[in-house]
Amino acid sequence: MLGLGKTPDQITKIASQIAGRGQPLLVTRADEAAWNAVRTVVAGAEYHQVARCITVKGPAAPGKGTIALCSAGTSDLPVAEEAAVTAELLGNTVDRMYDIGVAGIHRVLAHRDRLASARVLIVVAGMEGALPSVVAGMVGVPVIGVPTSVGYGASFGGVAALLGMLNSCANGVSVVNIDNGYGAGCIASMINHL
Amino acid sequence: MLGLGKTPDQITKIASQIAGRGQPLLVTRADEAAWNAVRTVVAGAEYHQVARCITVKGPAAPGKGTIALCSAGTSDLPVAEEAAVTAELLGNTVDRMYDIGVAGIHRVLAHRDRLASARVLIVVAGMEGALPSVVAGMVGVPVIGVPTSVGYGASFGGVAALLGMLNSCANGVSVVNIDNGYGAGCIASMINHL
Amino acid sequence: MLGLGKTPDQITKIASQIAGRGQPLLVTRADEAAWNAVRTVVAGAEYHQVARCITVKGPAAPGKGTIALCSAGTSDLPVAEEAAVTAELLGNTVDRMYDIGVAGIHRVLAHRDRLASARVLIVVAGMEGALPSVVAGMVGVPVIGVPTSVGYGASFGGVAALLGMLNSCANGVSVVNIDNGYGAGCIASMINHL
Amino acid sequence: MLGLGKTPDQITKIASQIAGRGQPLLVTRADEAAWNAVRTVVAGAEYHQVARCITVKGPAAPGKGTIALCSAGTSDLPVAEEAAVTAELLGNTVDRMYDIGVAGIHRVLAHRDRLASARVLIVVAGMEGALPSVVAGMVGVPVIGVPTSVGYGASFGGVAALLGMLNSCANGVSVVNIDNGYGAGCIASMINHL
Amino acid sequence: MLGLGKTPDQITKIASQIAGRGQPLLVTRADEAAWNAVRTVVAGAEYHQVARCITVKGPAAPGKGTIALCSAGTSDLPVAEEAAVTAELLGNTVDRMYDIGVAGIHRVLAHRDRLASARVLIVVAGMEGALPSVVAGMVGVPVIGVPTSVGYGASFGGVAALLGMLNSCANGVSVVNIDNGYGAGCIASMINHL
Amino acid sequence: MLGLGKTPDQITKIASQIAGRGQPLLVTRADEAAWNAVRTVVAGAEYHQVARCITVKGPAAPGKGTIALCSAGTSDLPVAEEAAVTAELLGNTVDRMYDIGVAGIHRVLAHRDRLASARVLIVVAGMEGALPSVVAGMVGVPVIGVPTSVGYGASFGGVAALLGMLNSCANGVSVVNIDNGYGAGCIASMINHL
Amino acid sequence: MLGLGKTPDQITKIASQIAGRGQPLLVTRADEAAWNAVRTVVAGAEYHQVARCITVKGPAAPGKGTIALCSAGTSDLPVAEEAAVTAELLGNTVDRMYDIGVAGIHRVLAHRDRLASARVLIVVAGMEGALPSVVAGMVGVPVIGVPTSVGYGASFGGVAALLGMLNSCANGVSVVNIDNGYGAGCIASMINHL
Amino acid sequence: MLGLGKTPDQITKIASQIAGRGQPLLVTRADEAAWNAVRTVVAGAEYHQVARCITVKGPAAPGKGTIALCSAGTSDLPVAEEAAVTAELLGNTVDRMYDIGVAGIHRVLAHRDRLASARVLIVVAGMEGALPSVVAGMVGVPVIGVPTSVGYGASFGGVAALLGMLNSCANGVSVVNIDNGYGAGCIASMINHL
């Protein structure tokens, strides 16, 4: 459930219903107010501060391989962690490779083996959003690009990164909405469970 | 190889190199002029008129399951066929379901079983680009949305469809560039070979 | 009267004039400050919190049929309720069908009979704004689409939903401004009084 | 059927099927090539040159009142006539008031009575798209605004007119896509048949 | 001097220099903080609250005729008053006609004589920005259009009004930046002093 | 009359009516086809090739002063000449200063006296559209900026020049639509006749 | 390091690492909170309030010549100072010429000699962003344009200035992101050290 | 001289004047028609077909070092060659490295030494425009990014590449207009002559 645009009361009510059915619960974009409302009502709830997510673990079939999760800069962490929390809740193993932007190409190359051993990759980047192109050129499996709203001026709240990823010259890159770590986590999990 | 923006001479030269190495050849966005240049030089080349593609078959490992390929309207055919030609060249079986736009929801529902039996789906749509959301809500596997430039006025050359797919309220939808049937075919093939 | 961009004093002054003439009063986008200013001056005023509207009932001819009011998600409620409050104040019966987004198409189909029995429909949706297309394909009467600013990233404050509705492939869909529940309520009422 | 983006062959094939079922036929955005292809195959077909439409008359219930059709300038004629042809084919009486742009407000005022006697209005305008606001302020029934791509420079292919109509300060205005005379004709007919 | 983007200290310093030279002083977009800083230092300063302007009167040659100042709605007042304060400080007589939006065309027509007797007009409008077209069609002298950021959704902070005015079908309309009452006041004064 | 978007037949018909009434005639954006149609029917018509205008002279009161007409580059000539032809037909004396872009600021400064002696100025510029700001800073009378679609890439068909002029830091600049030489000529003439 | 989008804790941690290696430290877009966190931990840190930068001096090779730094208005100071602080930290001499917008062209001309004696120039401007064109036309060395977000309405947060600079008609102008004083300082320093 | 938007006659006239003064001549964006007009009049003129440039060599001081010129794909050649022809005419040595897009990062890395030995670099790329970021991260000298209009769909005629370069996370990247090979060549030459 997307917490953004919902009141703490609305979130708590829906969260209770989901948790009450014994399903895994995930609330994304949950601020402190939402967490304080949910924690008093939903047993077993956890709050992931960087990812801004509330979860309750539930049964989940394990993924077949590893999901590699790359991000370009420090400010991309909240979106990357939202993807990680989502994928882990759905039963996947996530291999995090953070802070490997293309301006220091050796940082990407240093992870060549870890990248190559993933079954599917999530690549999170703001600003020019070039990391998915470089990474996709190094592997032969699907890469899900997540543009972030990190940047200023002509980044236009993530539009520059979004366009960069949509126009990727590398094979294998598909894209989700700006800052949509949750969506990327779901798709990667679907692919990893095939 | 993307034929768009290249001269027939440039296309023929690159195509000869690829075919000469015994690799499968695919030239997308190839017009009649490009085809007439290539056909005289590259043995075994075929032209797919609707898809605007030149191909030479080559060795390709078979995909694990079926790729379902849906499109919303008649005018989306060139992009859908580009995706189909790409996926088939890469060793996949493609199940085409054309002309099933959401304004006639029964047309989508009539294919429920075929949709559910696919390992991955490509959904091609212009105008409001709503088909991926509806289809993704009916299956539990990855859906690759391909917005097309079909439409006029406020479709802005496919932007409306692109935004529609990026903002999909359904889980499992990732998106490629406007009219990028080739990219969708590649990604679906990667997923289908996992 | 649109409360947005007016001071509580300006609102109260205009509201008093309208109510003083015995006409029904409607102030949209009225926050708590406006309500607190108006309630002390205008007798019989009511505040609709979700809809953010102040009303005073007045004489209104009854509509000929029912206005169906659909919305896609929980966050669309304020806009949907603004439309409902408007239509009801103008003498119409409103049949609310909330939380029936296209990602769960069975939720829409479950209301097939109620949708078909309406004389005119208002369909409120954010994100990809696909619901009007699906609904309009199921009925033969006018559908007024109301895009909402619900969403994030490439929803661009409702632009994605707006473009989706303007490019609807279904017959019968016309569109009002983003978040303009009031306008949709007025038009539906006009149609319902013909 | 939208002719735009379809080949003459595709149009002829679909047109034959529709006409073969005895239904009224309407092909919009049909150029001379499409017309020459259809006329040899479909009996009773007519071509409306200004409207760029092919029609075959069929049974249609008569509308309850008159549809007023206003346009702002000479260049708006093709879109206005597309709306007129559509509405007439669907059984409606259309009262045309052309060339009454707001820069000569007396031209609008001169038609006050004809405007007031309509059951629903279609208002077609390019450039600043102000005509629907003025007209809607003079009547109490629904006005369907059709922005056109007429203009240059900062009209951005009809965007200025579209935005003008979406932001109308008058009650009763809903909007369809740029140049979508067909859509406006359908909606007006639906309303006129209630 | 534009107060926006300057600190109270910067404003006070520049204001003192201007006033010290005996020139008329005008600070636009001045908030309460700026006013409180300036009032303690600059003798004879006045604050125009609606216009958000600080002024010190100075010698100004009288204009040749009257500047008519029209605005469409209540929320346009701050911009209209900024224009009025500017023009008056520069020695002009301003004839205010407020709240005469085009949705009630009789409100515009009621001022026909006052409009016709002006030497130059300033027309302030948000939303669809149609008022300058209507007014310019009724007079034969220059009309300066001032789009305002009044509106929501697809008004895009005044872009809809700006585009409407740039695409005016009436002769004599030129346009200044969104919310730029100051600029319009200056130009009208220049014209009125010729 | 704007010739753009009208057929030669439509143009000829309207032109005959205007000329038949003894009024001065001006058709802008008239291509060779329009000219060939008009010349055979309307006596005394002239064609201004660079300006793309058809005119028939008529009675016009002389302007009070001179209209200075500046343009930045060679490619701006058609728009500048459209303004000149318009202003001259309306009885004004036009002082042309062409090819004085701001990258060679001495070219602007060399005309300081001619600029200062004008009663009103029209400044035509594409690309970054900076010329009106520089010129307006050198005179104390109204400057009408005409952005042109000259440029490529990020000029976006004149948008860069339009935005540059709307954001001018100089007093006295108002703006018309991209390439709207006609509109600028009309406004300058109105001012010059006050 | 860009401070924007990082927490004080993240900034302090990275700053400590950099300073610990004896390298010069530069944190841009650092607010008071960041400064208060860093100052307690990093010895020798300085805060440049207007520039919003934290620095620790380190060894830097001296530049070969002078970097001229021009800005158009008072509100451009923070960006200009960010460029200055960056360039000075990297070993360069910076010659500041502030408040020389093109509306007062004599202000630019008054600095002709200082401009001509620079080895490379940084020109900072918001609104219409015309200053780089004028300055580049007066010198024969590289000019780095920095558009700022200063302005309102159709400045669109610096887009108008950005487009103005990208479309400069003068030779020698290249551009960095809106408000990117840091980037301009780096490039100018690179050029000044060649 | 920019040939785009000028007639062959205008080009020939200006070219004759420049060549007549013994200066080096460069006409960019010159099509075959322009070339055929110029060649008959201007002695010593050459046509560079891929670059679409006409040149006449003239005296030029030699640059101090080498200008490295990188491009991402085959379709970027015309823009890259325009930059090369410009730089060479101005006395520079150009080291071309073509077809080294980031999707095959080894192609970039293979040129590490040649890149590192340049005094300044021009990097030409369409689509996502990521190459300047990667290259700038590998060198310590200025990189001039030239976005090209190569691409389709969401490349928006080069906007995606432009935004990508403006938001580069690497130090040292400044940007020129889309397809502006000429501008990049000039700036690189200026830097190379310091």
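A, B, C, D, E, F, G and H are the chain letters, set down in written order, and residue numbers restart from 1 in every chain.
As a working rule, contacts are C-beta pairs under 8 Å (C-beta built on N, C-alpha and C of every residue); 3 or more make two chains touch, one makes a residue touch a chain.
Just so you know, these numbers come straight off a predicted model, no measurement behind them.
Undergrad: Among E-F, A-H or A-C, where does the B-H interface recur, judging by over half of the contact pairs matching in residue number?
TA: It is A-C that reproduces the contact pattern of B-H.
Undergrad: Any idea whether D-F or E-F has more C-beta pairs in contact?
TA: E-F
Undergrad: Starting from the mean Cα coordinates of chain B and chain C, work out the distance between those two points in Å.
TA: 39
Undergrad: Rounded to a whole Å, what is the gap between the Cα centroids of chain C and chain E?
TA: 35
Undergrad: From the mean C-alpha coordinate of chain C to that of chain G, what's the distance rounded to whole Å?
TA: For chain C versus chain G, the centre distance works out to 49 Å.
Undergrad: How big is the gap, in whole Å, between where the Cα atoms of chain D centre and where those of chain G centre?
TA: 55
Undergrad: Can you list the chain H residues in contact with two or more other chains?
TA: 153-155, 159, 162, 166-167, 171, 177
Undergrad: Within their complex, state which residues of chain E touch chain F.
TA: Residues 64, 119-120, 140-142, 144, 162, 166-167, 171-177, 183-184, 186-187, 190-191, 194.
Undergrad: Quick check on the complex: what are the chain D residues that touch chain E?
TA: Of all residues in chain D, those touching chain E are 72-73, 101-105, 108-109, 127-130, 133-134, 136-138, 151, 153-156, 159-161, 163-171.
Undergrad: Given the complex with chain E, which residues does chain G contribute to the contact?
TA: Going by the criterion above, the answer is residues 74-75, 150, 152-155.
Undergrad: Which residues of chain C touch chain E in their complex?
TA: 4-6, 10, 14, 29, 147, 149, 157-159, 162, 177-180
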